[in-house]
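Letters are used for the chains, namely A, B, C, D, E and F, taken in the order the chains are written, and counting of residues starts over at 1 for each.
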Amino acid sequence: MATLSMIEYEDASDEVRLIYDDIRSTRNTDFINNFWKTLANNPVQLRRTWESIKITMADGALDALTKEFVYIAVSVANSCEYCIHSHTAAARAKGMTADQYAELLSVIGLAHHTNGLVSTMQTPVDAIFRIGE
Amino acid sequence: MATLSMIEYEDASDEVRLIYDDIRSTRNTDFINNFWKTLANNPVQLRRTWESIKITMADGALDALTKEFVYIAVSVANSCEYCIHSHTAAARAKGMTADQYAELLSVIGLAHHTNGLVSTMQTPVDAIFRIGE
Amino acid sequence: MATLSMIEYEDASDEVRLIYDDIRSTRNTDFINNFWKTLANNPVQLRRTWESIKITMADGALDALTKEFVYIAVSVANSCEYCIHSHTAAARAKGMTADQYAELLSVIGLAHHTNGLVSTMQTPVDAIFRIGE
Amino acid sequence: MATLSMIEYEDASDEVRLIYDDIRSTRNTDFINNFWKTLANNPVQLRRTWESIKITMADGALDALTKEFVYIAVSVANSCEYCIHSHTAAARAKGMTADQYAELLSVIGLAHHTNGLVSTMQTPVDAIFRIGE
Amino acid sequence: MATLSMIEYEDASDEVRLIYDDIRSTRNTDFINNFWKTLANNPVQLRRTWESIKITMADGALDALTKEFVYIAVSVANSCEYCIHSHTAAARAKGMTADQYAELLSVIGLAHHTNGLVSTMQTPVDAIFRIGE
Amino acid sequence: MATLSMIEYEDASDEVRLIYDDIRSTRNTDFINNFWKTLANNPVQLRRTWESIKITMADGALDALTKEFVYIAVSVANSCEYCIHSHTAAARAKGMTADQYAELLSVIGLAHHTNGLVSTMQTPVDAIFRIGE
């Protein structure tokens, strides 16, 4: 289904295996999902992407679960099927409850709704919302 | 700039004024932003949209600030300029700190990045991520 | 604001003027909107685009106003500010009433809403909806 | 394939069954499509969404078939596979002819084309198109 | 899977066969991909679309492979699964190397990333970038 | 217009100035565009983003101008006004001719067109296009 073949652990170079190992130990699982296996065709990009995700998605001023909600929201609006599935699974793994998911769904639906209304009406931005002018 | 004129409080029907009043008291401000003023051309839609937002964006299983983060994320991916400005302002009004905003920006940027990578590679969804098959 | 300068009638080549004249007579107006003036930097593309629009947007199995509704809907979802403004104006010129516009707005809003819900839930397509398998 | 399991009629609560029954009688069919079955995980959202669709998609200032065209157009631009399939089926059920569908396809294609051109050229909106400034 | 049935060569009208033959001889292959088979339900649109692609995608001021890169980039951002697959195959057929593809992937990922950042921050366009004001 | 204020060189911390200096010397200009000035609110993200762009957009298996074409194509499809303006300017600075721009515009327009057609028809991906199954 992909435009690139997937690199399994057994067939990976040492450089790729090191990153797979770090993904496994960071996430406390043996499972390597397909995103990494396709990305592994380019070990440099695999490493950079993993480092970005590892740093950016960790707990910080926003907790890790809130970050997953944001990730899902972006992926939904961009119609990224893979990303929606993988980050919904990640959110559940980080403790997302059914009630939280139901509200997330409501907010994402509503935001799309009003985005569509505003885009149709081309409502001008209120002066008060603008910064740095 | 809009495709519809904006209805000011002074020119509004009683039906519209009631909703404007509810927006004001709920939000504890006299300010009515342009979204409502353009939507007010259709009082039924104004009322329904306000009721949806009032219910959906309140604290619940997700707190109100988290909901704003999700709203911003959707609006960014949908390129809704007005929505980005108004909900960034709303997030600040609800207490979003500069550090939280910096992380929100990082997560939104990263999600777009990996959405683009996955979409290019057409990575197939891992079987483990699927529910209800 | 554009990435290309705009070609006014006075400065246009004969090739471009012929198309401007056809736009004017077809639309029964002297007004040439900015889309054509930017496109005129490439006379071949100007001619092809105008011919496509002239044929495609005319009354046929769908009437010309219905086609404008569809055009607006696509442009909203694609966040094309210029296209939304110009085709909303075109729809009004072709007789769109305030009530029709209010319903168009409602349908566009609702479609965005359910698009967002479905994309989040990744609902599988019912077998009955598929053709040619 | 979904991120939520689907609720069949047999397994549904009374609250959900009432809505399923209303969908069936309104549409004059026993068939409940997957959208409702995934949405039924949250009965409140199921009810609100169904009520919105029931009201918004009925004949009014725009006839029900024109509304389906608009819905399809939005869903195409948003790449919502499920929505495209379900609303194309709905349009056919409401009498869409092959010729109408062929023209719908042409208009949607053309609108995407010019959206892409305008977005590339960043053509400024003509002053005459703007309202309420 | 499609919303239209696919027209095979054996079942096609003479008008459609002529275009299929031209696709085959232009591309130096017997293979007719599904895009043309679905489009063939409307022979006029089939012919116009094929003529556009034949002219537009040929070597010119931009070489044919560069044009495929641009096509892939647009299709990724629009989440058009079919288009991504078919134009990635086309790029490979025109000589795209693994290194070129790796860089294409990086640029597409990065562009999405900064698009997301800019859209979140709503950075105003620098005066120096604007033409024709 | 932005959701963040812009950091001018004079007001910048030493950490930010170092990056501004590197942007200036790499690009052989004194000009710092607004993207960097808004991003500078978060020096870590400024540095990481600049490093990514510096590496990714340099000549490699794809030349730097081809990369700008891809960048523009993504930004157009994502409706990122700022990105379209800044990368069109960058492409011109790297030698893009008027003829190349005209063809770029044609390809972007055509790709949007066929994306719209394919999305409407939901054409299934040909088996021959798929890799790694």
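Keep this in mind: a residue touches a chain if its C-beta (ideal position, glycine included) is under 8 Å from a C-beta of that chain, and two chains touch if they have at least 3 such contacts.
As the structure is a prediction and not an experimental result, all values here were calculated from the model.
Trainee: With residue numbering as the guide, point to the option in A-C, A-D or C-D that repeats B-E in over half of the contact pairs.
Mentor: Interface equivalent to B-E: A-C.
Trainee: Using mean Cα positions as chain centres, tell me which chain lies farthest from chain B.
Mentor: That would be chain E.
Trainee: What's the rotation angle, in degrees and to the nearest 5, for a C-alpha fit of chain C onto chain D?
Mentor: The rotation relating chain C to chain D comes to 180 degrees.
Trainee: Would you kindly state whether over half or under half of the residue numbers at the chain E/chain F interface are used by both copies, giving same or different?
Mentor: Chain E vs chain F: same; shared/all numbers exceeds half.
Trainee: Farthest chain from chain C, comparing Cα centres?
Mentor: Of all the other chains, the one whose centre lies farthest from chain C is A.
Trainee: Averaging only over C-alpha atoms, locate the centres of chain D and chain F and give their separation in whole Å.
Mentor: Averaging C-alpha atoms per chain gives centres 34 Å apart.
Trainee: How big is the gap, in whole Å, between where the Cα atoms of chain A centre and where those of chain B centre?
Mentor: Chain A and chain B have C-alpha centres separated by 20 Å.
Trainee: Go ahead and note the Å separation of the Cα centroids belonging to chain B and chain F.
Mentor: One centre to the other, that is 27 Å.
Trainee: Mind pulling the residue numbers of chain F that touch at least two other chains?
Mentor: 1-4, 45, 49, 52, 74, 76-81, 84-85, 88, 102, 104-106, 108-117, 119-122, 130
Trainee: Hey, which residues of chain F end up touching chain C in the complex?
Mentor: Against chain C, chain F makes touches at 79, 84-85, 88, 98, 101-102, 105-106, 109, 116.
Trainee: What residues of chain A sit close enough to touch chain E in their complex?
Mentor: Going through chain A, the ones touching chain E are 3-4, 41-42, 45, 49, 74, 78-80.
Trainee: Going by the contact rule set out above, which residues of chain E touch chain F in the complex?
Mentor: Touch list, chain E to chain F: 1-4, 31, 33-35, 37-39, 49, 52-53, 56-57, 60-62, 66-67, 69-71, 73-78, 80-83, 85-86, 88-89, 97, 99-100, 102-104, 106-108, 110-115, 117-126, 128-130.
Trainee: Please output the residues of chain E touching chain B within their complex, sorted ascending.
Mentor: 72, 76-77, 79, 81, 84-85, 104-105, 108-117, 119-122
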